[in-house]
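Letters A, B, C and D mark the chains as written, and numbering starts fresh at 1 in each.
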Amino acid sequence: MILQLKKTISQADREAVRAKLLLLGFKATEVHTQAGIYWVVVGKKSVDLRQLGHLPGIADIHQVSDDYQLVSRKWKVNRTIVDLGDGITVGEGTLSIMAGPCSIESESQAQQTIDHLKAQGVRIMRGGVFKPRSSPYAFRGLGIEGLRMWHALAKKAGIKIVSEVMQVSQIADMHDYVDIFQVGARNSQNFNLLDELGKVDKAVMIKRGISGTVEELLYSAEYVFAAGNEKIIVCERGIRTYERASRNTMDINAIPLLKEKTHLPVVADPSHGIGIREFVEPIALAAIMAGADGLIFETHQKPEEAYSDGQQTLNFAESEALVQKARKTYALRESF
Amino acid sequence: MILQLKKTISQADREAVRAKLLLLGFKATEVHTQAGIYWVVVGKKSVDLRQLGHLPGIADIHQVSDDYQLVSRKWKVNRTIVDLGDGITVGEGTLSIMAGPCSIESESQAQQTIDHLKAQGVRIMRGGVFKPRSSPYAFRGLGIEGLRMWHALAKKAGIKIVSEVMQVSQIADMHDYVDIFQVGARNSQNFNLLDELGKVDKAVMIKRGISGTVEELLYSAEYVFAAGNEKIIVCERGIRTYERASRNTMDINAIPLLKEKTHLPVVADPSHGIGIREFVEPIALAAIMAGADGLIFETHQKPEEAYSDGQQTLNFAESEALVQKARKTYALRESF
Amino acid sequence: MILQLKKTISQADREAVRAKLLLLGFKATEVHTQAGIYWVVVGKKSVDLRQLGHLPGIADIHQVSDDYQLVSRKWKVNRTIVDLGDGITVGEGTLSIMAGPCSIESESQAQQTIDHLKAQGVRIMRGGVFKPRSSPYAFRGLGIEGLRMWHALAKKAGIKIVSEVMQVSQIADMHDYVDIFQVGARNSQNFNLLDELGKVDKAVMIKRGISGTVEELLYSAEYVFAAGNEKIIVCERGIRTYERASRNTMDINAIPLLKEKTHLPVVADPSHGIGIREFVEPIALAAIMAGADGLIFETHQKPEEAYSDGQQTLNFAESEALVQKARKTYALRESF
Amino acid sequence: MILQLKKTISQADREAVRAKLLLLGFKATEVHTQAGIYWVVVGKKSVDLRQLGHLPGIADIHQVSDDYQLVSRKWKVNRTIVDLGDGITVGEGTLSIMAGPCSIESESQAQQTIDHLKAQGVRIMRGGVFKPRSSPYAFRGLGIEGLRMWHALAKKAGIKIVSEVMQVSQIADMHDYVDIFQVGARNSQNFNLLDELGKVDKAVMIKRGISGTVEELLYSAEYVFAAGNEKIIVCERGIRTYERASRNTMDINAIPLLKEKTHLPVVADPSHGIGIREFVEPIALAAIMAGADGLIFETHQKPEEAYSDGQQTLNFAESEALVQKARKTYALRESF
């Protein structure tokens, strides 16, 4: 159950609500976010809402039966639109395209990508500066220096940045230089990291775990929301199955399922979803048709020379074609 | 390696080719289909094609390195179009829609469905008369009598029939009353059944196994082709994964992968692919955008009253909406 | 619900039971097996057993809530012991070892294997004469002639035979030459085959499907039982998962789970379960410790020269070592 | 390739080696551990070892073709034995048993468990004080205070402690109160955490990821080793598959595979591996027979009242029985 408190609630009224809940045998977690104050109320019995609704200071009460609550669409009819500033949003009403290299490699590479995106009207750039690598001997990214350089270039061009944060200690360092903190598939259940990202006033995009369920992804989002941050995007990026013909199995079903279960925007990552360059486009278009609010994909001026994962990276001509087809596909879907 | 023989090859020339192959250490399987005579040549060494090409009676030689050969797109540039007669085809250039109930239940139900399909311009109807059921105590279908009844109604309406065959002994019984023999997911590697369907001059649609790989699906198609039948359709219908939010995981990746690897038409089954009625439409449209040549889905005049699997069955209004959106989606894709 | 009828029940009493069930809204399937007459009663309501128990001709009534019934341990306290004759049984009280080659290749190979098994006191030999192959161009076994040859040799040595049956039409041909019909993993849900094997008075060993669930395996066994054959063995042989370090993932959990859920004997196949020769032994011993009633594994006089699957085939020295360790492991388990 | 340097190598000789490697086109990572100095040399070409072997200061050179190197058994013939002090070791020659509750709940519970373990001669106790929970509203453990209390009790009893560390900032806090840092399944690829644990002189036990591969588990261990800590244990705890009859699928195959690939001790967690209390014992015994060096399982004085996961927790009588059978099983295995 979610109680929405009035912003003007008095201390006395707040105590009265808490006492009443205690009496009824419930435990409440108070959540302050950018948008309001919520109490998530958990208990074993179901409650007669009339016993609570007449108390002063309560704006609204929502019965939510899912185990995740704040991210559930059962209580929030309007879909969340994540505002990145400068008129750039992620969520209903727009197709958000996020593109860029696997890793930021150099100033020249960053600038070339920015120029390419700008020419397409793409306003969000992806890129890694801290790279999770299965081998400890592999390139792990340019780090915070690289991020600062990239951010300066992107800002000048009016382009927003999404980049992966791997641990709590990086949050403060990265904070002023990213617009969306990305939580990678391997950190999808790093609960401490999610907790800390809940305390930040920046958007957070959570990738589904490599073998995470749809429900676990929503729980991870619940962590961020419960810690105080409503600006959350969830991302389907393919799951691990027995099939070896593609790198991952893009779980296209997850897209309408997530759109049904949560009010948060849902983005699709076709690059990791199939992992084979020549098939990124059809999977991207399929994801839009299935209901995705946006795409995040890899592009590089010379995919053959990219650090790692070049096998799934589009060149700029392919990226341009995809952006145009994606917009037409989105327009058709919206016309239905 | 595939040798295409001239239709006019003499017996002596044929023996000369065979002797030459033997000398080179190869084993050849002769395949007669509706369209031609092929020799699939398997051996451990690679061969210098010039040693064979000058022999009389050989029309063409194709080097195919995949383990499946006749169904591979490496030797056959033109995509196979399966002709069902009366101007109805499955394959490139058309979006084939196959719709109908899980099970044929009665004459009235069959007729209502036919009327519905006809009004939408849908010309292929699906329906089961032999149903594979995990429990031996469940309804197993109306059997051959039901098929005859259904076929008579469909024929009058100019509608083709696709229906599942479960065992070799049913092939002869069903032969005159189906246009496409469907091999179900549980029979996807029933090699005897595939062998026998290779001897029939009717189309065969092979569903991917419940946990079959893309490669295994192509091998199953190779069985049918190698036994003499080129009229093959392959169908992606969702695979078994750890995810429990949907009944199966629609492997959208498989669609462009299959289109790349084989010249056969590729059909998508969104009903089984997600297994939840309200999400059949987005998955169907996604599959088209990913490259599918057709759809097969379940519809029923009263899904709540359908035998089994009603949870994934569209009512006629939903079916009508899907057909219209599917055609628009296909038109957009073809415009790219 | 399962009704056991008295063998002496009169026709009138039988009709009275049927009428009563009908009146209560139930559907009954009558099952005659080697051991008795059962009525499997399926209905939507639960029934007050006292309404039935007083009717003449009923020996016993069992409430079974699982969807599979006859194979459930909920009604049959004593474990089934499958008797192969000549004092050879499979089930509680014995560790059954079934060993032999993937394929029967020649008289000399069959005789060498028989000699090897006899020296170890192993009394059941495995071997394929009809081989399911993903490629239509691969060796498919010696067929019925090979089976006859093998059977003659085995019979002389007092050794029983387990061999795979792939289709209904082979049942009659194989009947006199096998002691256990094996249903392979790919045919695990070939319901027609299971139905027909239910009409035969020979033991049937059903392998779990490549991605079959424990529950589906029990349903497949239910098919055989419901068609009249109680002599059933189920076999865990590894499942398909994302892990690529081994050919399959031996589902060791399935062994105690099956032993809990069914009264049928449970055999383990470590050869397919891991698919790597050097690790067949530890997996076999683990399976015994987990509760398996027997082992089926591959052995060959020269594994390097065996048709197919030689990678998981033990040579005779390895086979001998395994048999000895398996017996000691079983003895330790039984001492607990 | 791994170069082992002599501990007495001079600065000049070290520079000479580095220069030579650079000249040959290699990149070297220097690793200082408790036991020695290694250079892990990575490059695209293979090298002629004779070009390096004559340089002064090099103790040994090992060609390792796996992508993980330091944890590979290809260069280190002797198995690693992790010494916890006071004569307590994990690895070859001992069956290590680690038992205890899911969560440390109270002083009384900790003391009861210690008394139980002591009576069985079990010298390592498991317990969580920081609990990863999918829901943010669930109990997250007693934290560092709970750990200090527990440690004081355990130390008095001569019992070592293994407990999960969830983030880098907890390492320093926990350091003096644990004997083995456990990395949980959800953190199995938290590379920053692994890096930092490589700088600590305490044992680290890494659980396999929920859908991690055997290879990924070894890579995670490589992170710890490459950062300077050789005291590593790897743990198989079940993987996520489609099967729903058990909570996870215990990958029994992984045990002999890991023993073949790495010199590190391999421990099995049957509690999570099957997730059903009554089957923990057979899975534990199976894991020993498959080659495990130890067990970690859950036990509680009253499993029904335990925080979370009580479904897989043994009571003390079951725990006692398991310990005794485990030792007999281990003794049998060692006798082979």
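Throughout what follows, contacts are C-beta pairs under 8 Å (C-beta built on N, C-alpha and C of every residue); 3 or more make two chains touch, one makes a residue touch a chain.
Every value quoted in this text rests on a predicted model; they were computed, and no experiment measured them.
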Which chains contact both subunit A and subunit D? B, C
If we define chain centres by averaging CA atoms, which chain lands farthest from subunit C? Would you check? A
Using Cα averages as centroids, what's the distance between subunit A and subunit C in whole Å? 50
Distance between subunit B and subunit C based on Cα centroids, please, to the nearest Å. 33
If you average the CA atoms of subunit C and of subunit D, how many Å lie between those two points? 39
Can you list every residue of subunit D that touches 2 or more other chains, as numbers and ranges? 211, 240-242, 244
Going by the contact rule at the top, pick out the subunit D residues touching subunit A in the complex. 27, 29, 40, 42, 67-68, 132-137, 166-169, 186-187, 189-193, 195, 209-211, 216, 219, 222-223, 226-227, 240
Along subunit C, where are the residues that touch subunit A in the complex? 211, 240-242, 244
Complex contacts: residues of subunit A adjacent to subunit B: 211, 213-215, 239, 241-246, 249-257, 260, 273-274, 278-279, 282-283, 285-291, 325, 328-329, 332-333, 336
